[in-house]
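Structures follow.
There are two complexes below, and they share chain A, which is joined by chain B in the first and by chain C in the second.
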Partner chain A sequence: MYYYRRLPQFEYVAPGSLKEAASFLQAHPRETRVMAGGTILLHRMKERIGVKKYVMSLKAVPGLDAIDKAPGQVKIGSMVTIQTIADAPVVRRQCGLLAAACQMLGTPQIRSMGTIGGNVACNLATAEIVPVLIALDAQATLAGAKGSRTVSVEELYREVRDGEFVTEILVPVKAGQAWGYEKWAMRKRFDYATVSAAVAIAGTGRVCKDAKIALGGVTLPTRRARRAEEILKGRSLTNRLIVEAAEAAAEDARTGADIHFTAEYKKELIKVMVSRALKQAVSPGKEG
Partner chain B sequence: MSAETLIGKSIPRIGSVEKALGRARYTGDIILPGMLYGKVLRSPHAHARIVNIDTTKAERIPGVKAVVTGIKDTPRGALFGIIPHTRDHLLLPYDKVRYVGEEVAAVAAIDEDIAEEAVSAIKVEYEPLPFVLTWQDAMKEGAPLVHEHRAKNMAAHYLVHEGNVEEALARSHYVWEHEFTCEVASHALPEPFTALCSFEPSGKYNFWMQTQCPFQVRQGLHNTMKVPLSDIRLHSVPMGGAHGGRSDTPPGAFIAGLLSRKAGKPVQIKFSREEVEDAMRDKAAKVWRVKIGFAKDGAITGRDIFMMLECGAYASSAIVELWVPLLIDEVLWRSPAYRYDAHLVYTNKTISSMMRTRAHVGPMSLDVAFDQVSKELGIDPIELRLKNAVLPNEVVPSKSIVTSTALSESIVMAAKKAKYSQKRGKLAYGRGIGIGSGNMQAMFYMGFRSGSTAFIKFNDDGSCTLFTGNCDLGQGNVTLHTQVAAEELGIPMSTIKVCYGDTELCYQDPGNYSMSATVVSANAVKKAAQDARRRILETAGDLLDVSREEVEQKEDGRYYVKRRIGKGTSVSLGDVCRSAFKRGKPVYGFGDYRARIDYSDFSVDVKQPYNEKTYGQKVTAYSFGTTAVEVKVDTETGQVTVTDIWAVNDCGTVLNPLLVRGQMHAQLSFMLGQGLYETNVWDEKTGRKLTSTYRTYKVPTANETPRIETYTLGIPDPDGPYGAKEGSLGFGCGLHGAIANAIYDAVGIRVYDVPFKPETILKLLKEKEAKEKRKKNSG
Partner chain C sequence: MKQEMEFTVNGEHYTVRVDTRRTLLEVLRETLGLTGTKEMCNKGDCGGCTVIMDGKPILSCLTLAIEAQGKEILTIEGLADGYTLHPIQQAFVESGAIQCGYCTPGFIMSAKALLDRNPHPTEDQIKEGIANNICRCTGYVQIVEAIQAAARTMKRPVKRPMKGPSRKPGGGKQ
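Here is the complex of A and B:
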């Protein structure tokens, strides 16, 4: 019932290797919750949402908490905390969009406990890092009993099968990429994004070669603003074009009312956030 | 006495370091031998008849030591209500439940897990009834009745009518009117409610719990448990906030008492955040309709006010909220003819109680009116305010005398510091400035409160303990009372310890209702210290072989014979205390202070609502103040950000500038939250509150805090100790008016409903743009 806040009964397992973790999950795929930082999972368990027999923590699995620079990409282990990502010089230098979004998430406590793997795996509309990774074309490595495979973050929820879990996020590093990130919430920090917009632009000068726009706070699974992206491609990013793209993004986005805001207002916010994120990409350092 | 006075010194709050380091021991930190853990079963229905409660399964669970229900374990018909008229609340009901989250049964077990398991094993059969969530629905013909004996769900009605308002308005040069609303707000207390009760075989109940008025809470327990007052003891504990939300007798404490008696062991009940938000207290939603008449020169000719107040499922101390807006409104701005017609209405929601900032729509309505009327009448808005601001020794409509006020000074100063006149109408689009005033009563009578009694006893080394029934919610009352005692006794603050709010050791005190800690409790402390000082001088005189009048205390703290050349003999306070003990003349101090209030004409000890016969001095001292704000409106999202606040406080003599400043920041932050961020939402289908966590109920954080400049005027009050009044509330109650006016200055739209929501503002902005466009096209 609604008022009980003690954790329910569960069995805690903490395998010491990827292999062990994979075989445990294969043995109990539908009875296990995988835990990374636990900031979302434990809270939901207290609310009696999605409680299962086992909680398998990835804490003891070695090698999941490192950030590595590889040719053309940055590899981030699924257990790396949001705050570590926000502070990592390599992320700040090579994937500024990701660092910015991480720094704006939650509170210092949540950023220090919560992980990128957890944020990606929980598949919530409020997961703020997912749209950023989609805009950046990031990929996720999934481990399972049969080995590991790589899928795009955007396709992750369609792709993931029982017995698999996220071990790594691969963020491509693209020279000359411009980006923008806007998050709207009642509170500047310590709040979930009511809506957010992450944009990554490839191109020279003002002409946009390629654009990726992903949204937060929209009804899943559609996070991409594809029509808006098409509007921008191959054209010069004037204010007029930006407004046109933002309007398309808002029009296409599926929003739902929550306890505080109507679906229409969220659409309006998406328009403003996309437009500001694009302006930010065009002239970094300036507020939209 | 030492030459240096403590009055006006910035003294850090006693106990803050412990709190900041996590060392303060709150109620939840106390563990007694054999202590059990209690859990409460709560109603899932907004309104339902309780048909049957089956506890057999719960009782059989190993580790369960007691199960209580209303029908089996409570005295029949023992209702809680802070005045006889509003005794409507069975703290563990056996007839009906009236809101989601109401207590239905409870369990005490050896640990929390077992208690939870046992609570969920209790089977309750309900007969769900239709419910009402708003006052509009509650007052409709045929609406479900929350309490059967209250027709139309009317809990109480209060009317003051002075002069002929209709006539005054009819004769006015200009009449302005509008409706203002504010939503239900939460106290959002950082420390969740916790009660610990240890029942002794002698029949005594020991309670540890958070409360802001121990004696009122004890009275409520006495009325509902039907045991003598002397069998109920409330111990004092550090607290994490109150803001009015810890004034009533909490059902959680009552239930802890029942469980402890039944199990014969101490029982602790600790609420989760959701339980706190659903089942403790809220601030009542309000509708405030005001008609204001103005003469050509801007003077107010009359005011007609109609107020609806939602108290939720029980009247509790929301009954006070029916009355307090009058105490604020009638005092701020003069009004020769005046009508205040207020209604308290039941709904099937969380119980509302008092809350600081409770009356903010009142002050806001006048400030918004001044802003608009100044244009109509062609009078500068500051001039218009000064023309109507109450002056010292004026008599307000219900016949209280305002003995001190610096309202006008605060308006002038806030306007000057903010450069209001230079900025108004001249800032860039999206930026605006506004001003608003507020006030608060320090100590008003409610039919059961009047004064405070303090006591000081001394130890052999000259150190002492001060006993006061007042308590410290975090605002620094212990510091204040220690400071006052030290000032009068001429001894270091470190040698004075305060025993506060212990109902067994301390004398009665009004508690922290209506800002009485300074004007009433501190005055009692002052008198107790003066009484002790007289005794000290007397014994010192005995030791020095002179009369009391010939003794003086010098800067070293010792007592000397007056006018002696050279050092001369002297005695210390320790000498005095030791000798007094030997001589059978112990040193102590006793002080009693009664508020300067008319008790005669006002009686609520009758089984009828407040009525017209309520004239007379209601309040000892009134505080005032003005805030000016600058805002930034995001014209694309409608979000309002307050960037700067200039706050001027007429709190009388400033006893402790550091604490006053801290309190001012706190009040502004509180007002800011309710003005811009905080909203409570109920599910219309189930009657359940949807905003019971800090995730959904958005209290602003340091990030949302603007730049704040605070000022005090330091004009003394004739009744307050050393001229002090309350310094935490009144000055800031005009903040919402200031913000509303600043929003108009920024983007040209008027807002009347608190909180000022971004979605509403964006909608109004779009309407305005569309209107301007139409105008342009047609022109």
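Here is the complex of A and C:
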């Protein structure tokens, strides 16, 4: 793979309002890369991957860097950095799963630069926050020239149209939700997750009313482990059931080989990650 | 395309005209002459280009210079007070945490950001704090020890205020 020390030629645009950003993107939908934190985009541009004529930065758009508590949900602006989310008391209190996953992403530098909007919008299998948001049933607000609309994060890549960009993530707050998060990376505190598992369980005691299991490091289209979720629903989460669900998740997951691991090995990892995440969720003190 | 921008580096105000596709690293080193910040992998893996922007550690090789508009940057040149080293720098010297020295500015800036955020880190927290920095000669044991020593030194009340160098950095204002 080629790697250049300098960035290629491009034009930098930094609109000062949402409206301005939407109309610029509407005018040049296929010639523009939207930039949030820049950690993924600039890296890829140095590799000369996906270089387009314009880079539109959202840094100057006001109001995209706030975390707000609304009734029943936490609203996170797309330009809020991963470290800010990991540290925010409201996120730690209300969406423990998201705070934990943010704290485990990348390195201090990457967490200080990278944003939730960038992680969600980049459409890479390695995006670690996406499975977490899917498990939490989060939604994303998309802005476009015709106004904004809200779609579920799970459907985001199918829904997003040319000229639209993510402005906000809405995370529902559910009382009594237990969670677990496991990430497996070559260097735990540095690398992207080779695979990861995020689980959110609704129920009382060990009996599971509803379960959401989402996986990282799997190839799209789906990150949900639906059959595993069905196995858990309405049943008591014994170790045996957890293993059964983890096996189903691994069996159904689409994995691809990379430079380090085969697709089969990743399936094994998924099995272990899902069962560990579920065990985490049923261990005491994991509500909220 | 060139644009005018203003920012503060080590307490000094700069107004520069930069090409919008230049990284902060390139502008620090080539325009301002602040070559303490190192260019190594240039792709965010090694941490050699770490600087502190508005109190947070960032990789200057993956930051567009133009996006540092209005920000306060602290580089390795901004740590020492004249000829008196910053406690972290002093600890690196005393612990033998420097060999070829090329990764050192990045490590020290990561350590500074860590200790600003958490003045009493555990060994694990230190390792986590320097996870984005790579050293290929000293190894990491002495570096971790140096940061532990610096944390101990900095815990004692030091009268010396933390400020930029009394000497002007190279390059000067443009």
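Quick note on the criterion: the second predicted complex is superposed on the first by the 281 of 288 C-alpha atoms of A that agree within 3 Å, B and C clash if a C-alpha of one lies under 4 Å from a C-alpha of the other, contacts with A are read in each partner's own complex, and residues count from 1 in each chain.
Going forward, contacts are C-beta pairs under 8 Å (C-beta built on N, C-alpha and C of every residue); 3 or more make two chains touch, one makes a residue touch a chain.
If you're wondering where the values come from, they're calculated on a predicted model, not measured in any experiment.
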Task: Partner chain in contact with A:E268 - chain B first, chain C second, else both or neither - done: first
Check: In the superposed arrangement, does A:F190 touch chain B (first), chain C (second), both or neither?
Finding: both
- In the superposed arrangement, which partner chain does A:T39 touch: chain B (first), chain C (second), both, or neither? second
Ask   = Touching A:Q109, do we find chain B (first), chain C (second), both, or neither?
value = second
Across chain A, the partner (chain B or chain C) reaching more residues is C
After lining up the shared chain so the two structures overlap, which partner does A:E11 touch, if you call chain B first and chain C second: first, second, both or neither?
second
Task: With the two complexes superposed on chain A, say which partner A:Q73 touches: chain B (first), chain C (second), both, or neither.
output: neither
So the chain A residues that chain B and chain C both touch are 3, 5-6, 187, 189-190
Touching chain A in the complex, chain C uses residues 1, 3, 20-23, 26, 39, 42-44, 47, 50, 56-59, 62-64, 66-67, 110, 113-114, 127-129, 131-132
Listed in rising order, chain A residues that touch chain B in their complex are 1-6, 184, 186-192, 259-262, 265, 268-269, 272
Chain B residues touching chain A in their complex are 40, 42, 44, 101, 112-113, 116, 119-120, 272-275, 278, 636-637, 639, 677, 679, 681, 690-691, 695-696, 698, 700-701, 703-704, 758-759, 762
Chain A contacts chain C in the complex at 3, 5-12, 14, 38-39, 42-43, 46, 57, 59, 81, 83, 106-110, 112-113, 187, 189-190
